[in-house]
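First chain written, first letter: the chains are A, B, C and D, and each begins at residue 1.
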Amino acid sequence: MIIVLESDVPVGSSVALLDAARAAGRAARSMPDGHGGLVVTVDGNLPDDVLAVPGIRTVERSHKPYPLASAEHRAQTVVTVGDVEIGGGRPVVMAGPCSIEGRDSLLRAAHAVRAAGADILRGGAFKPRTSPYSFQGLGEEGLRYLAEAREQTGMPVITEVMEPEQVDLVCEYADILQIGTRNMSNFPLLRRVGEARKPVLLKRGMSARVDEWLMSAEYVMAGGNHQVILCERGIRGFDPATRFTLDLTVVPLLRQLTHLPIIIDPSHGTGIRSLVGPMALAGVVAGADGIFIEAEPNPERATSDAAQTIDPETLRDIVARTRMLSQAMSAPLVPVVAAVPAPEWELSLAAAD
Amino acid sequence: MIIVLESDVPVGSSVALLDAARAAGRAARSMPDGHGGLVVTVDGNLPDDVLAVPGIRTVERSHKPYPLASAEHRAQTVVTVGDVEIGGGRPVVMAGPCSIEGRDSLLRAAHAVRAAGADILRGGAFKPRTSPYSFQGLGEEGLRYLAEAREQTGMPVITEVMEPEQVDLVCEYADILQIGTRNMSNFPLLRRVGEARKPVLLKRGMSARVDEWLMSAEYVMAGGNHQVILCERGIRGFDPATRFTLDLTVVPLLRQLTHLPIIIDPSHGTGIRSLVGPMALAGVVAGADGIFIEAEPNPERATSDAAQTIDPETLRDIVARTRMLSQAMSAPLVPVVAAVPAPEWELSLAAAD
Amino acid sequence: MIIVLESDVPVGSSVALLDAARAAGRAARSMPDGHGGLVVTVDGNLPDDVLAVPGIRTVERSHKPYPLASAEHRAQTVVTVGDVEIGGGRPVVMAGPCSIEGRDSLLRAAHAVRAAGADILRGGAFKPRTSPYSFQGLGEEGLRYLAEAREQTGMPVITEVMEPEQVDLVCEYADILQIGTRNMSNFPLLRRVGEARKPVLLKRGMSARVDEWLMSAEYVMAGGNHQVILCERGIRGFDPATRFTLDLTVVPLLRQLTHLPIIIDPSHGTGIRSLVGPMALAGVVAGADGIFIEAEPNPERATSDAAQTIDPETLRDIVARTRMLSQAMSAPLVPVVAAVPAPEWELSLAAAD
Amino acid sequence: MIIVLESDVPVGSSVALLDAARAAGRAARSMPDGHGGLVVTVDGNLPDDVLAVPGIRTVERSHKPYPLASAEHRAQTVVTVGDVEIGGGRPVVMAGPCSIEGRDSLLRAAHAVRAAGADILRGGAFKPRTSPYSFQGLGEEGLRYLAEAREQTGMPVITEVMEPEQVDLVCEYADILQIGTRNMSNFPLLRRVGEARKPVLLKRGMSARVDEWLMSAEYVMAGGNHQVILCERGIRGFDPATRFTLDLTVVPLLRQLTHLPIIIDPSHGTGIRSLVGPMALAGVVAGADGIFIEAEPNPERATSDAAQTIDPETLRDIVARTRMLSQAMSAPLVPVVAAVPAPEWELSLAAAD
């Protein structure tokens, strides 16, 4: 059951509802609706008499299985990190190396992507690698370098967290917690970051349906953490011509289904350096709130994902075009085609009757 | 074997090569390279002495399995239909109803999409329907209405051809022959349209790899018809949230692999009216040479594909934005970000060494 | 609308129904129900007074979109070819080379697979090849060799037909017409073989859903040809470890949905010689009515599909095991486990209450 | 680098190799080869002089990326749990409810599946549920019931572990640790169960390639736990007719690639009760070492996966047929077809030359 309270409702109303739910043995939680009001979700239904409190705008007994993530009950979420707004209209650029490989290389990469126009620095300290024998990341040492890069460049930083016990540690250093594609359905981890007070970027599982993805967002939000950012990074496809199949259609689709910001990762989505730029721009024009890109000064030398990592020059071009297209999209539409008068064919139709 | 001849080579050289191939029992064919020269492809290799003719620019003994469709040997193909250029830089808009349901409704739709800015009229006279009991199209009657619509609006027309015996008939009326997704590997049909002298729009099979798609284009080209346009229309995916999965990444990928123009069909690709616009724009920004859209004045009444058909108002908006984005993409790039000087961190790095 | 007539109904009743449908402008067709009665399907509904004829067992106004192929209205179809019954309980073995490459090699292969236990000879005269430059089959010459092989071995023959115009020619030579995976949705071809009087083996499209496949069978049956055999040959998957993904689950699923016989092609389904045997046996145990296998004396020399073609020795083993497993499956079930008496735990449960 | 030592080599040789690797800064580990010898794997290569120890059978510098899981270096693994052997030739039946819902229902289910012939009891105490609002399992309480069911029935028990911190707790109660499909690439969890001393059943990720799956097994084995059982449970497909697409071909394929036992889960693989039996039998005939089935006395009442859960009667039939087919498969092969003498056709071939 979903109950939306007006913005001018006394706080006691919401407390009464939550208490009534608890008394009835039903879990309940609340979330701002983005317009000053409050969304209360209850597992199951409350009796009618409980709903007699004043200030209730709407009550829904049947609804989407992801009431907190659904677009139906609240305004577009804007996640603010430092002075960067994600979901606020201006596409955000998150860039940096796949793995943090050392202090110097990270700092060089950070300054380079900053100079190229990036807003947020990405870099992996804990790396999910297919092989147990591959480099698994620098761990906390990498996190420290990330924090140093933030200090030097002023950019907020995002990095992956792979298991529940790491969450506290990563929260000490990171501004955004990244949940990787392999962990989209790692429910203990989702529950744990739901208790954290840092925004969470939730990558789509590589064969997850959109509804499953939103249910994973719901796991995080049900824990009280409403700052979730969705990131499409390519799904498993049948054509080995690209690493994954970037499913851009989810961008306008999610816009209808959820209030959460949506980011595109064209690096993993394509796996091929020369395709990153065009797909980043396509993603922004499809409506994405930002892009997530692997970039560093010496892409060829990267120990992981070299083939899909771009250099700062290319990033600079992508950022510039992103800004340009974003402006073009938000400009008022002046039809470039004139309405053609069609008296003759109306006559022609008439003649044929 | 692929032999490329310079533009100033006497025609006798190419004749000598084709004769030598025939004498050696090897099939061969030639195609302009788009720069004034000639590309000769031979099944298998010719002996060295045959290759002593003057004016040979390059000889390749190992090459892609689709030598005629490959980007390696010729310039970007521009297909010209009436006064419309497909592949010439300006994105082309093909629009119209899914099926032709009658004279009046087609003419109304044609004028409406023309007024909305469409360049080419689409409409099905022969319809591939999953059920034998569904409306299978008006056949030749529909083709006649299409020709009438062309006459009234001045737009070239494109329509589907489903079997070899229909090719002559459809050629009488259509400006472009459409091969549907279910026929991408209908090789007798491909061979037959390869003998026609009308451009062919070849839709991707719904589970075709890019290399298989290019091999199907090669079938058409090997017959002597080099005017092939590729159309991505969505692949089969696992998420029922959309009808198909529009694979936009193939746009920049194909740009590297082939000289043929590339069109996007966001109507079938998404199956949902509200997603058509964003994906059409995304396709153009990814580099597509045009869009292929189901549109008509009363989408709800369409006997097929109603859910994905848009109205002329929406089409007008899409066309306007397409033109705007296309201009923005071709504008010279003025970096909107300033290069950030970074003396401090260089120092900082030095200090850490 | 589906109307099922009792077996003792005078023929006039069915004629009256078909006439009434025609008078109402509705297409209708009839098919034996396998129990002596008749199934009449009408596109749309007939008025109640027409249904007053005697002998109507059931009338259904809402039903599956494939009324003729559906299991609801008739008994299991048995397709008889020569003295071979497909769907009659004993699994049928169709084997032979991928392509017919010459008279001698085909005859050798035919005798070899016969000796190994095959029931029906397969071999392609018209070949759908991905490349226009690959061997496209011997055409009618190949059909003549096939007929000669039938004469020598006594085995009925099956071969692929690729376009409507070939159907008459192929019918002259073949006992079963094969529709390949690329043509499952080639509706003009399906309609054409629906008019033929030879059984049709309809391969599943490589990304066809089961309902789409049954609709394609319905196309053939709606033309009056009710002898359709379904063949699962692998769907497109994401793992390059096998050529396709053999979807064996469709065997028991189709058994519930349709009365048509079901065949498994483990050669294309796996693409790997050493996997053909295990998957053939698994298919039979899952309930398939037969297997369709590429086999010839010199698999390595085959011009197409060499990697998945087995030799006659291997085929002999597979046939022998198939027969053995088929017998084991049809034997009455003697539980090999004794029912364990469980008084203690019932007590234990009681104690815990 | 992989070094295989003979069975009669003094233990000092292996110690010397492991020491040399450590001295060279390279991780190394050892595993019995199943024939009395020892497989030593080293990350990277050791210098030649180190390899001068006596008793080395083979040294490989280039090899599969999963040296411990690969079939190349050791004999078929048999995992022994209680008196049940998994991989020992006789197919093993693991059965029980999806979730443990209470003490009584679990005990009833345990006795029922035991009576039906099951070897091992399955049941979930920690449940990965798509929705945060669904029943998440009884946790440790469920584990205690599981242990009680083992005590009463004598069956070993298997249950899922979802996060690293749960491993110790689950090890206290379970005989086999199950890693679910959503956690196949949860590398911290794999590393953690690699340190446990209980067998691990590793389900395939729902879009994992076979090589990725084997790499996940390698994670567990690299930690020193060599008792890994692979379980195919269906991959994500495009046809909503079944819940997943059971990929049985991996059974014979894995048999060639790895020495680890392979289990089939036809419950999740199909999602439909009536398909479980046929696919279980097909899996055993394809070569699986066992089946993993959801079964309980009141399938309809199950809170999760009711549609795919079978009752004990059905299970009893499946077990009986499994045993029968397994015997039929291991019986010596008596060809049921006679070799046909073929003098005439040899003459016929000669005449045609």
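The criterion applied here is as follows: contacts are C-beta pairs under 8 Å (C-beta built on N, C-alpha and C of every residue); 3 or more make two chains touch, one makes a residue touch a chain.
It should be emphasised that the depicted structure is a prediction, and the values quoted were computed from it without experimental measurement.
Path length between chain A and chain C in the touching-chain graph (shortest route): 1. Over half of the residue numbers found at the chain B and chain C interface occur in both copies, marking it as a same-residue contact. When the CA atoms of chain A are superposed on chain B, the rotation angle comes to 180 degrees (nearest 5). Taking A-D and B-D together, the pair of chains sharing more C-beta contacts is A-D. Look at where the CA atoms of chain A average out and do the same for chain B: the two points lie 33 Å apart. For the pair chain A and chain D, the distance between mean C-alpha positions equals 36 Å. Mean C-alpha positions place chain B and chain D at a centre distance of 47 Å. Counting partner chains per residue, chain A shows two or more touched chains at residues 207, 236-238, 240.
Within the complex formed with chain A, the chain D residues making contact are 27, 43, 65, 128-133, 136, 162-165, 182-183, 185-191, 206-207, 212, 215, 218-219, 222-223, 236.
Considering their complex, residues 103-104, 107-108, 111, 114-117, 152-153, 207, 209-211, 235, 237-242, 245-253, 256, 269-270, 272, 274-275, 278-279, 281-287, 316-317, 319-321, 323-325, 328-329, 331, 333-337, 339-340, 342, 344-345, 348-349, 352-353 of chain A touch chain B. Interface residues of chain B facing chain D in the complex, by the touch rule stated above, are 236-238, 240.
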